[in-house]
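There are two complexes below, and they share chain A, which is joined by chain B in the first and by chain C in the second.
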Partner chain A sequence: MAAPMLRWCCPGRRFAFARVGCGSCHRRGPPTGSTSNGKRGQSTVAQQPHITAQKPRKGEREWAAVVGLEIHAQIASNSKLFSGSQVHFAAPPNSLVSFFDASLPGTLPVLNRRCVEAAVMTGLALDCHINRKSLFDRKHYFYADLPAGYQITQQRLPIAVNGSLAYSVSVGRKPSQMVTRTVRVKQIQLEQDSGKSLHDDLRSQTLIDLNRAGIGLLEVVLEPDMSCGEEAATAVRELQLILQALGTSQANMAEGQLRVDANISVHRPGEPLGVRTEVKNLNSARFLARAIDYEIQRQINELENGGEILNETRSFDYKLGCTVPMRDKEGKQDYRFMPEPNLPPLLLYDSGSLPPGADPQQVIDIDRLRERLPELPRVTRERLVRQYGMLPEHSCALLNEVGLLEFFQSVIKETRAEPKKVTSWVLNTFLGFLKQQNLAVSESPVTPSALAELLDLLDRKAISSSAAKQVFEELWRNEGKTPAQIVAEKKLELLQDLEALEQLCRSTLEAHPHVVMDLKRGNPRAINKLIGLVRKATLGRADPTAIKEVLERQLSS
Partner chain B sequence: MVKDGCAHVKPAAATDLSVFLLVTWSLWWQTGHEDHVGPDPPRSESNCLLRVQEVSVALKQGQVTPTELCQRCLSLIKKTKFLNAYITVSEEVALKQAEEAEKRYKKGHSLGDLDGIPIAVKDNFSTSGIETTCASNMLKGYVPPYNATVVQKLLDQGALLMGKTNLDEFAMGSGSTDGIFGPVKNPWSYSKQYREKRKQNSHSENEDSNWLITGGSSGGSAAAVSAFTCFAALGSDTGGSTRNPAAHCGVVGLKPSYGLVSRHGLIPLVNSMDVPGILTRCVDDAATVLGILAGHDPKDSTTIQDPVKPFTLPSLTDVSKLCIGIPKEYLTPELSSEVHSLWSKAANLFESEGAKVIEVSLPHTSYSIVCYHVLCTSEVASNMARFDGLEYGHRCDSSVSTEAMYAATRREGFNDVVRGRILSGNFFLLKENYENYFVKAQKVRRLIANDFVNVFNSGVDVLLTPTTLSEAVPYTEFIKEDNRTRSAQDDIFTQAVNMAGLPAVSVPMALSTQGLPIGLQFIGRAFCDQQLLTVAKWFEKQVQFPVIQLQELMDDCSSVFENEKLASVSLK
Partner chain C sequence: MSVQASPTLFMASASAAVAALSDVITFKRVARLGEDALRRPTGSEMWARAVHLCLRAAARGRRGFTSKADPQGSGRVTGELIQHLERLSLVDFGSQEAVARLEKAIAFADRLRAVNTDGVEPMESVLEDRCLYLRSDNVVEGNCAEELLQNSHRVVEEYFVAPPGNISWSKLDEKQPFPHH
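And now, the complex of A and B:
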């Protein structure tokens, strides 16, 4: 797979492009070192986008790109937004369908309290204003997986408005040069998911699965404050982390729990915004970034070549790596919005406005939800930096993998090793092994306690770092042995017998007189070679500092 | 008492209960009843089992069994088949229910006032396992897997479900003439009262071709109650669909407050106005049924939270503390002089008994019907979107494309009236029209609702208005105008109440010079349904509306029955 194609971007949301002569827009450069990792939906985002500012070369014309996002997050609730059907991923087709979901005539929507709470919590986490009164509307269109012929949504008065989402991108070459950017959250609305259509072209029929029909969605609308694929992908990633921390959505893009539509336009700075296109159905962060970048480039090329941009809906063909116009219904539709008459206005309260004697089961108290908010990712990262003195990019990395932070914290709790050591082991060794085998943290063969024990051994210098690596590899094989057992079996413990070490040093010096000569001639590096030779002789079980001490003593005597 | 030039038929001599048990149904029809046989004393000798409460007592005392009641109603349904009141007769279900009710009565613990009592349900309420068609090709053959809440509540009380009654397609109409199963005939067409008047007034026209419409859209339910095939029936009321046929068929038609009775399972016309309606032969019965149906339903978020308990209506003896409002805007040029004069008489009646009767103004009334049209068609367009042939109901044969399938399915499934309303509704909801039509209509709706609020805040307890412009007209006359014109005319006194969500009840007052029933409407404060019914009950008692006499129906229509029999035999 080609990595994000272009590294244009992006301080000040400006682009500099060569007036490309070639019509082809999908320039596939070599991977650019972006850390897209693996197939898991929750980890496909580049962890720290490297955004490099490129100065426009002389004679090139500048373009600015504007990107806004509409994000649909499936609410993690036991039952659907307006019916009692269960919510499960990958259940047998049409096994989770109530009469309401199938739109049987006479059925009525009944609002799921859990979904409302999820929307309020998400709104609070995104610094939104929570509307004390919000309304439901019907949005009409005919589609086979929309049984009622309309979707219940919140068009006029959504549950939350005017928030913001901060995310960090790294600029420059060093990953630690991170800049916080903010995208405004226009609104969060509650709405129903549709069912799924499966087109069987062979038999020219369409199969409908209504399991998904009616599941609660949070539609989060991000204002067009972003300017490239990486920014958009990072903002989405941050939102994903927030939703997961809140537990309001599992936000797994691969399972369709998080879906993104992007609105994209380009214009010359100082001029009005250009005509925008909408790119739909972006179901991984990597594709999101690629699709946006492709679309920006396409629009620029189009305009540079004297063409015009149509206000159209396009979809991203991930095989070809380009966006293509969508042919059907999604063009110009009049959705004929209308108030949903079967749902009274949704009223929310705070501790000041709570009606006296109100049944807590019947009302939602925003302040109580606020108290129950968990620590948000941004705060967690700041805490990690403060508490363990780790680098900001390490705190990002710890949060970017599901379960990694918990793993890290468990190790920290059980070991006497330095936090920096733990961070390094978790992010380099442990994560490296996971990535290599494409495993999730929860699937790791090494438990936090085992790693903690290993780090303890290292910490009290019972083993060397290289021996520790060996032990870790053994642990990964998962044969039920503790680190101590492995160390004992493999005789990996550091040589504590000074006499034996002296002996080994002496024989090494004797066996390599030319290195000794070299050293005596004044090459200070020769000592390292000797240390290496002794270590090799000890099978890596001796501490280099101790070896150095002995060698120096013997050489000077 | 109403003493006027109209044919006010005095109740015939009451029959004894034991007589009832022996008489044939045709004889039973002939018997009138005394009005004060309600729950109030004295009620010694005069029982003829026309009312729920009477028959309930008889059931408890073992004077009649649920199975007997059921079979008699079933045989009446068969005899009155030509009325076309029922779309589906659920004979087996009813008999089984009767059997179970009988067991309960034998053990001495009935489920309540409706246990073992035959009822009918309009065919736009979902009934589990029983076809529910809305009188539309779209839902022909559709068997819902669940019961509407109101149906379930009636069944939980032990009521016997006799069948599903006829209506205008998807309840869109005011005549019960526009459904795929054909028009409903008004039982009063065959009443002794009407026939006698016709003989006097007209030269020998072909009687059968002059049958009258029931009004609508709950005409099947009204006819079913009027023709004694059941004791109570559910209708639905969106713009007057329960009250209008009740007035034309000489029965009580109650539209409860919006939110008092669950709509879950009622196939919607206009969600924000639909209310399950109750059709009975007297106000007390309507109160009994309302007491069972009312209350919060977790499946309908628009129902009130407060619990509602079954209630019995007090008998008013003194109306001097009542204030009756007469809305002056309801005196329209189209109002027939006869209805007008009865309306005045009713007002005078209240006044003469000591009530305060004042003229009031509902200034936005004239905008009401247009406003209703916009809101109604918009919601219809939306509600009908689900009928696409995919999950249930009719599906066309075409399989060129999904869109072509939708178009053909809906073309074949809906009649012109439904399609016309869908078309206008979608027009009003278009982005460019929404503000000018829908939003404006909503604002007018608010003004109309406020009109009522202002009147009630000024001290008026109930409003007294006509229910319909005139008595029922012959079918041939009715179909001279199209459905839309008819609906606009016929809903004139009733639909504003739906827009305001108020309770209203049509009570039959007297017979016209033609011998046909005329009803008047009482409108109450929101959720003051009991107060409204109490006033209606007092009025009912004063006017002593006559019982329909259907003796001649049996004679005149015997040939019809014979033909029906032959037809059914030849079909087998």
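And now, the complex of A and C:
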């Protein structure tokens, strides 16, 4: 249930006119007017929570912002959508380009089966209705990186429509206070990617690399059900996780595999929606929320100062931290949509409608794809909570880092320690070390087996937890030693000899009578001093809880 | 800057111009009318028809598209429309002759309206009854950068070279606005 956890940080504080905070995320109880789902949290659909002013002046009313998203995800396939050239991130310029990609005359598009399956799987994962018949269209515009002068897309009848995407936002300060929101998915369509242009302003020219031209894209259109940057960023994050779990896209924003455009407008609650602007070039997860919040604030400021919002396209300037108008896109674009004359309609089947004797390579069975859908992030999180008794925010954290869940599950398989212990070690210690050195899970010097062995030692009470931390640090240095070897080398084994421990405790009690008196007078913290003394005497090799037990026994007798 | 005129491209631009005026262009299935049946219109006739519709709608204000043959309109293409279509399609309508040819083509294509298409399901494409072939996801093309770059007028280190930003409008803007009839 719980989707990527969202730590609310008020955007209002960043700007000079700090008057906006996303009220929805500050609300403690159920949002007014919403229907409660009963069991887990409340679901709100198409909810427009009010943005309240931080320090409202007298007579000031509220603003509500409306954010819709268009997300383009590159399909993870070997070859492109309509041609057989390779899909690869880094390659010499124009080396992965076929004659069709370069739009040489006489070439025709041939649809890639894998891309259609990817679109259907994504549609099923987002609870969409899959159109049994979908059509391809041409969207015309002139740009140097679009050699054909048009992009083949699905405007009239896309492959999937009317779905929903659920995500969780935290309301209030405690991470456990989370609420599920849904945003409607308007449609999912297949379309071509364009090439890449490198602008050489010095020589007043643009260099074109068509390696990217023709790669299959999934365009996911989210309805304007979101109300601030943080909600949009969380929804995008959840979509990223879903696409990665399905394997339909690697959805890596840094490599340009996931691109987001936002449509933003503001209005007073109860009044009709305001003029919207489109913000393009949001290619970084980090700046997505910031850019959207900036634009919301800019529109509010503009309207409050008596200005008006133009229906324009803006771009986010990362260096300046603000949105700027894109000069190339002045005026409304006329795309002259027309049916793609070279492609018949795309027909999909289910097990009930499969034509008999059809070539399995040439037909796509939606029901078979539905059966083969992997576990979705939402389901995985719920399963982890159920199976291992962890908190929802822990399951979120496990899914949020690439490879962390697999690491966790490998450790669980090999160790006898309790799942809660494993969870704590993986999320706190292991992840902490990774973050400190900015490493990915795949680059970790500690293997799941090593951690499993360490946790076994801890579980058997062969070492204390502080000793375990020491061993972990040693393991991190990656000198090839096993935990058992490190324990032996550094003499970190817990004192197993109970008699020796009893003796040490007795002698400590005798050596420090005033502390004993202090304790008997009723100061409970004096026992800690005694424990500390005994530990020093054992050179840190005794388990504090065992010491405490022995001392208490000896004191009471 | 001259761009090879493409009938389909121009038709698309014209049809969009019409769509902007809230008319709908559909290609009706040509019923079997016997030997004197209209032959399937060619590309130039198709766009001419589209422009014709557009201009009539402009002349008479908005009204719905009917399948009955309408009486001939003014048959004139306005300067404003020409400019709009030129910008969209980058097709150069330099001369009066070209516009006259366009108007004649529009009139010719208008004969389509003689066909009664009441109750006929519109066709989406001539391929709509065919099967869409699905290719398996294998890499079989590419690695021909050298060949492709030979097509380009200017090349810098295996990149195609294009003018900066979007295609330059400067040539179009420099022309005299077309005389309005």
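Everything below uses one rule, namely that the second predicted complex is superposed on the first by the 462 of 557 C-alpha atoms of A that agree within 3 Å, B and C clash if a C-alpha of one lies under 4 Å from a C-alpha of the other, contacts with A are read in each partner's own complex, and residues count from 1 in each chain.
The rule is simple: a residue touches a chain if its C-beta (ideal position, glycine included) is under 8 Å from a C-beta of that chain, and two chains touch if they have at least 3 such contacts.
All values derive from a computational prediction rather than experimental measurement.
In the superposition on chain A, contact is made by A:N94 with chain C only, not with chain B.
In the superposition on chain A, contact of A:R138 is made with both chain B and chain C.
By the touch criterion defined above, A:N342 lies against chain B and chain C together after alignment on the C-alpha atoms of chain A.
In the superposition on chain A, A:I208 makes contact with both chain B and chain C.
Of the two partner chains placed around the shared chain by superposition, neither chain B nor chain C is touched by A:R381.
In the superposition on chain A, contact of A:K280 is made with neither chain B nor chain C. Counted by residues of chain A touched, the larger count belongs to C, out of chain B and chain C. When the shared chain is aligned, no partner comes close enough to touch A:R290: not chain B, not chain C. In the superposition on chain A, contact is made by A:V110 with both chain B and chain C. Contact with both chain B and chain C is seen for A:D334 once the two complexes are overlaid on the shared chain. On chain A, the patch touched by chain B and the patch touched by chain C overlap at residues 99, 102, 104, 110-111, 138, 140, 142, 144, 149, 206, 208, 334, 336-338, 341-344, 362. Chain B contributes residues 125-126, 134, 139, 142, 144-146, 148, 263-268, 270-272, 298-302, 305, 378-379, 381-382, 384-388, 390-392, 402-403, 406, 426, 429-431, 434, 438 to its touches with chain A in the complex. Interface residues of chain C facing chain A in the complex, by the touch rule stated above, are 8-9, 11-13, 15-16, 20, 88, 90, 124-145, 148-149, 151, 154, 156-167. Taken together, the chain A residues at the contact with chain C in this complex read 77-79, 83-86, 92-100, 102, 104, 110-116, 135, 138, 140, 142-145, 149, 197-201, 204-210, 328, 334-347, 361-362, 364. Of all the residues in chain A, the ones that touch chain B in their complex are 99, 102-111, 138, 140, 142, 144, 147-150, 206, 208, 334, 336-338, 341-344, 362.
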